[in-house]
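Both complexes below contain chain A, partnered by chain B and then by chain C.
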Partner chain A sequence: MLVQSLILAAIHAMVPLTVTATGEILSERAGVVNIGLEGILLISAFTAVIGAEAGGPLAGLMVGLLTGALLGLIHGIIAVYFRGDQTVSGVGLNILALGVVAIGIVDRWGAAGFHRVDRAFRVQPLSTPLGAMSPMVIVTILLAALTWYLLQHTNLGLKIQACGENPAAADAAGVRVERVRMFGAIYAGALTGLAGAYLSVDWLATITENLPAGRGFIALATVVFSRLNPWLAVVGGLIFGFFDALGLIASTSQELTRIIPYQFIQMMPYVVTLLVVAGVIGRFRSPSASGQAYRRE
Partner chain B sequence: MRKASILLAALLVSLLAVSVGALAQGSLAIVYDVGGRGDLSFNDMAALGGERAVRELGVRLTEVESASTADFLPNLRALARSRQHDVIVGVGFLIQDAMAQVAEEFPNQKFALIDGFVDAPNVMSISFADHEGSALVGALAAITALENGGDTVGIVLGIEIPILLRFEVGYRAGVRWAVDRYNEIHGTNKQVRVLYTYTGAFDDPARGKTAAEAMLGQGATVVYQVAGGTGLGVFEAVESAARGQGKVVGPPFAIGVDSAQDYISPGFIAVSMVKRVDNGVFEAIKRALDGTFQGGAVTLKLAEGGVAASSVEMVELFFDEAVAAGAKTPEEKAVAMAGVRAAREAVPQLAWDLLNELDSLIRSGEYVVPEALDRDTAEYWRSVLSTY
Partner chain C sequence: MPDRSAPPAGAAGQYKPVSVLAGAPPWLEMRGITKVYPNGTRALENVDLRVAKGEIHGLLGENGAGKSTLMKILSGILPFTSGRILLGGREVSLRSTHDALAHGIGMVHQHFSLVPTFNALDNIILGRGASLASPDRAAARKRIQRLMEETGLHAPLDIPIEQLPVGTQQRIEILKTLDRNVDLLILDEPTAVLTPQETDQLFEVLNGLAARGTTIILITHKLREVLALTNAVTVLRSGRVVGSRLTEGATAQDLARMMVGTERLPEVKERRQHEKTEPVLRVAGLTVKGDGGQDAVKNVSFEINAGEIFAIAGVTGNGQSELIEALSGLRPIANGRAYLLGHSINGKGPRELYRMGLAHVPEDRHRLGMVAQFSVLENSILGVHHEPRFRRGLPGTLHWGKVRRYARDLVHRFQVVTPSLATPMRSLSGGNQQKLVVGRELAKSPSLIIAGQPTRGLDVGATAAIRDLLVDIRNEGKAVLLVSADLDEVLALADRVAVMYEGEILAILERHEFDRERIGLLMGGVHDGSAAG
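Take a look at the complex of A and B:
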């Protein structure tokens, strides 16, 4: 039973990490880095609940996606057209989210801190041999496949990589660098928004003042782990999700905690994160111009 | 804008009150936690306490809402500066820092803090005997498991801080007492194991859900959440597990904490361990008026009305407040109340009986709930109270 709980928990924990990381992979390939993913997750989770309560779970997911796309657009305009500092803009998103959602919950539902999403407005799970599973698990795999194909096998994918590696050369070759980078920023925002909606109208059926609780940052670690390959983002999401769940699940077992102190077990996800990020990536080189504004000569 | 106007109105009311204050018997001011009235939690309970003080003590009541935590300081200051209030009550631990500062600025003003601690001679810091309340719900959990053919209950906690050890050990004590009593009644030799985990977070529903799912997977019939926002994930796990089996009411059940949370997941929350904030507020103004007010920490015990197992009436009362405040609609109330009632009916009668029996024993002092505020004591009680 514990093993089954563990597998299901790891798969569900993977979804927000992998979906967010997949979007960010494309954006970083194009040259725009967004460390405001945590903030986008939170704001989208909030708006998704409003959308779901107005038009059902699918509307909730779409509203989350569009909210994320809009926030990605804002980040993109700052990074691409105003050539602003991408780190500052990302941090700004994270801070903005904490304020907006805390006030938004009070304003919308009259209760401080949280709101639970009624069953009628949430995504219904699928029945699988393993147990109830969110359909978003399949969507996650499809998104990783789509993004991989887009990057590796399309003309747009080539342009994206050119803009991240050498925007000046891409520009000289006739690629509209700004537009391609804007596409990346919006794509990352949209996928992160979808992941945020998954948190609130699917997985947890709740909105709180800090619902992602750091998952936007773990997604950034997943991006590093993935070496900007969407398939590895699936693997990374599973690894992080697995160890996070392992600590919690092992700590509920009296048999296990008798042998190993639970504090040690709960430390493991962090140790693994460090090991994975420090060890596995090795000498990976990120795109030369990633995170830098492009200024036409 | 709406919040701002409420705030303004509240301040105006308090200014108006200054002119007629001399006529009243006494004056109580309440500064609500962020969210204000209609939160179905601490604020609404504090309001009930204030209303009771108006009714029974004839005091004048001034209520102030705060749009954000940044408003605590100016609101407390404005009230203290008016010198009209016998005691100013702050609701919730978020207000703690602001109150510490204002209490120092106005040493002659009496303050009371609900569920927090300020070390000042003019601040009464009110906490609640949560180990006694946890024992009550532990008894209910154990019997609910046994009567449904189970032998496991769970408790999901937040960060491992001393106050949470107190909840855990209290819960275990209630489980143990009820199992012993059950065996005595039925002449059996049943056992109930307690699964527990400290999730390390008060704001991560995902961790609460994962932990509770693991407990349910190991056969837990009831899971008690003592984890703030993390606990919302416990409710979600329990409801999803039950619904997955086609049920519209538990078991499995969750148990709520702090306020009457039964409405959050109607049908799947058996009971809640309630801190009686209303009685805390009432106690503060009563003591300020009869001269027994003293600064320092005050723990309101079960026998003093400090903690209680939630009741249908309690949940309904809050919903009436929330409907009046416009935070909930009458339809929402009807749906939630039906679920709350259904959950209670699905809990075995013996579980309620033993909860009530333990309640009287704790009140009379015949049963003393062990209290642990450090790891070694907690570890000691874990082994002593275990039936395994």
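Take a look at the complex of A and C:
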């Protein structure tokens, strides 16, 4: 029974990591790195609640997705057209999110730092042999499959990879590098936005000042783990998600917290992330021009 | 787009390409093209170019003459400041390579534009077909195999580009452009990395394409190629058209004169006469490999005496960079020996060479000459920072007071204009950066200083200052190895000039033998007026 609920929890914890990582994989393949995923998760989680309370859970998911796409668009414009530093822009998104959402929650619901999403506005789970499962799990697998197909089996996929490896070559071949990279940036934003909405109007059913709690960064670790392959992002999401879930379950278990302080258990996902990424990194070659602006002259 | 499968070679073989200069109607016209870069550099000034359909047109000029810039404009890579481009009598807008390819204009770049992790097949089909469709690799493979048969250009289709030799990459680059069914094929120095056999084969292919109506523009500095292949040639110098003429009846001398001009030697500081002394640097049968593993420097021998500026002239990319990298310990010597003051330098690194009396002003100033993010202070001791005179007691420590005194003295002596010693190097103008680099190297009191393109990209004042410094140390009895693509600089400064072409030294001339035309011919690979081939 405990094993079953742990597996189910791990699958649910996988969703935001894998969906976010999948979007970022495509973006990094095209040459745009966004370390502001954490910020996009938080802002979209917030707007998704507003959307869901106005028009139901599906509207919430859509609002989250569009919010993310818009933030991805902004990051893309800075990175691609203004050739700004992608790290700075990403950090900016993270900081912006902390401020906007903290004020937004107070402004919207009058409560400081916390708002619970009513059952009526949440995504309804499907019943499965494992137990109640969010339909977003299926969406996650579909998105990974779609992204993989796009990258490996379409002309667009070739263009995306060329823009990340050698934008000058892509340019010479008639590929509109800026457009392809903008597509990548918006795609990553949109998927991250969807993941943010899942956090608030589905899985955690709440909005707080720091709802993602580092999941945007763990998604970046998942990207490294995946070596930019969407299928491996599912595997990575499950591994990191398992420890995330373990932390959530174990910290509420009286017997366990008597032996190990719950702070240590909650540290687990981050420690595991560090270890896994340290093991994977170095053996991984990211696209040569990823994170670099493309300039013709 | 027309179907390449339609006319096989020979079917339209009767078609005789002619030039606009011979009365053919112009098909491509570039009128009054001017290109000013955002930093104010005027790369092209009112350039006109007219080419007929099916013509092979040569574009000849020295480094920096604007040949590549003009063609990058035509292939949609660079925007131009003013002027018009007409194709078949209609003005066209070429704002991107996408536009250019849509008009049937394709360019084979000098620096390959291939994605290193893709194989040839994926590189060739990149950017084509509907975005969401699957790439039709089977059809593309068939098409390219037929193209390879037709043209005789063969390349493996399934091996990642990064694992292929440069000659093969070049063929893939050409196949890629031909597969676009271009009407106008631009080639930028296509033979730079090809063997003579491959070059001949390529020329045959190009002749065949022209016979079938493809218009070809060949960028080159090799006179032999212009004479062997083209119908007409346009010569550029410093961003302006010197003239256009039919190739028929032209000699290598005519073209060399157009290419390098006939100005008088510019004035420089007086040079003191010296007695001939023993050689400072002796290079014997030196062979150095290039990045692609080919022989970039081939069995080169020369000596440099004390009190002499020995210059290496030549168009960039003929092995000069590899030569100075080998002599300054940055690139292994594949074969042969070199001696500095009688001691072998084979296998010695930069620090040992410095101790032996070598100073080096690198060609690539920004990458090898300085650390752009570091301050002027830090940059002024790069390479000597380990010496006891900058220590505070233990080895590995730095006494910043001593460093500051040293840097202040350097800045003062070499008249580097900088707001402060703490200013990052990248905030200085190119001229002041170079003055600090040259000053730092001269302060090592070397016996030999190797200066690679020391005034490239500098303004007139800084150029004069650097040149005067080089003459000064020559007059002090030091040896200078100057590598410069600027013929004026070479003629003004050098006591002797070696001309390098395709990794070999074709000739070493004494100052009284200096002759622009002769050096121009040698730079174009022509020995003593006998245009080979």
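The working rule: the second predicted complex is superposed on the first by the 269 of 297 C-alpha atoms of A that agree within 3 Å, B and C clash if a C-alpha of one lies under 4 Å from a C-alpha of the other, contacts with A are read in each partner's own complex, and residues count from 1 in each chain.
Here is the rule we use: a contact is a pair of C-beta atoms (placed from the backbone, for glycine too) under 8 Å apart; a residue touches a chain by one contact, two chains touch by 3 or more.
All of these numbers come straight from a predicted model, not from anything done at the bench.
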{"item": "Combined model on chain A where chain B meets chain C, clash or fit", "value": "fit"}
{"item": "Contacts of A:156 with chain B and chain C, given as first, second, both or neither", "value": "second"}
{"item": "Contacts of A:87 with chain B and chain C, given as first, second, both or neither", "value": "neither"}
{"item": "Comparing the two partners chain B and chain C, which touches a greater set of residues in chain A", "value": "B"}
{"item": "First (chain B), second (chain C), both or neither touched by A:296", "value": "second"}
{"item": "Partner chain in contact with A:171 - chain B first, chain C second, else both or neither", "value": "second"}
{"item": "Which superposed partner A:286 touches (first chain B, second chain C, both, neither)", "value": "neither"}
{"item": "Three-chain overlay, vertex chain A: chain B-chain C angle, C-alpha, nearest 10 degrees", "value": "140"}
{"item": "Chain B versus chain C as contact partner of A:206, first or second or both or neither", "value": "first"}
{"item": "Smallest separation of CA atoms, chain C relative to chain B, angstrom", "value": "37"}
{"item": "Residue numbers on chain C that touch chain A, as the complex places them", "value": "37-38, 75, 77-78, 96-98, 100-101, 107, 109, 112-118, 122-123, 125-135, 176"}
{"item": "Chain A - residues contacting chain B, complex", "value": "1-2, 4-6, 8-9, 13, 102-103, 106-107, 109-114, 116, 119, 125, 131-132, 199, 203-206, 208-211, 213-215, 244-245, 248-249, 251-254, 262, 266"}
{"item": "Chain B residues touching chain A - in the complex, by the definition given at the top", "value": "2-3, 33-36, 38-41, 43, 67-68, 154, 193, 195-201, 203-207, 209-211, 213-215, 217-219, 229, 232-233, 235-236, 239-240, 243-244, 264-265, 322, 325-328, 388"}
{"item": "Chain C partner contacts - residues on chain A that touch it in the complex", "value": "150, 153-156, 158-159, 161-162, 165-166, 168-176, 288, 296-297"}
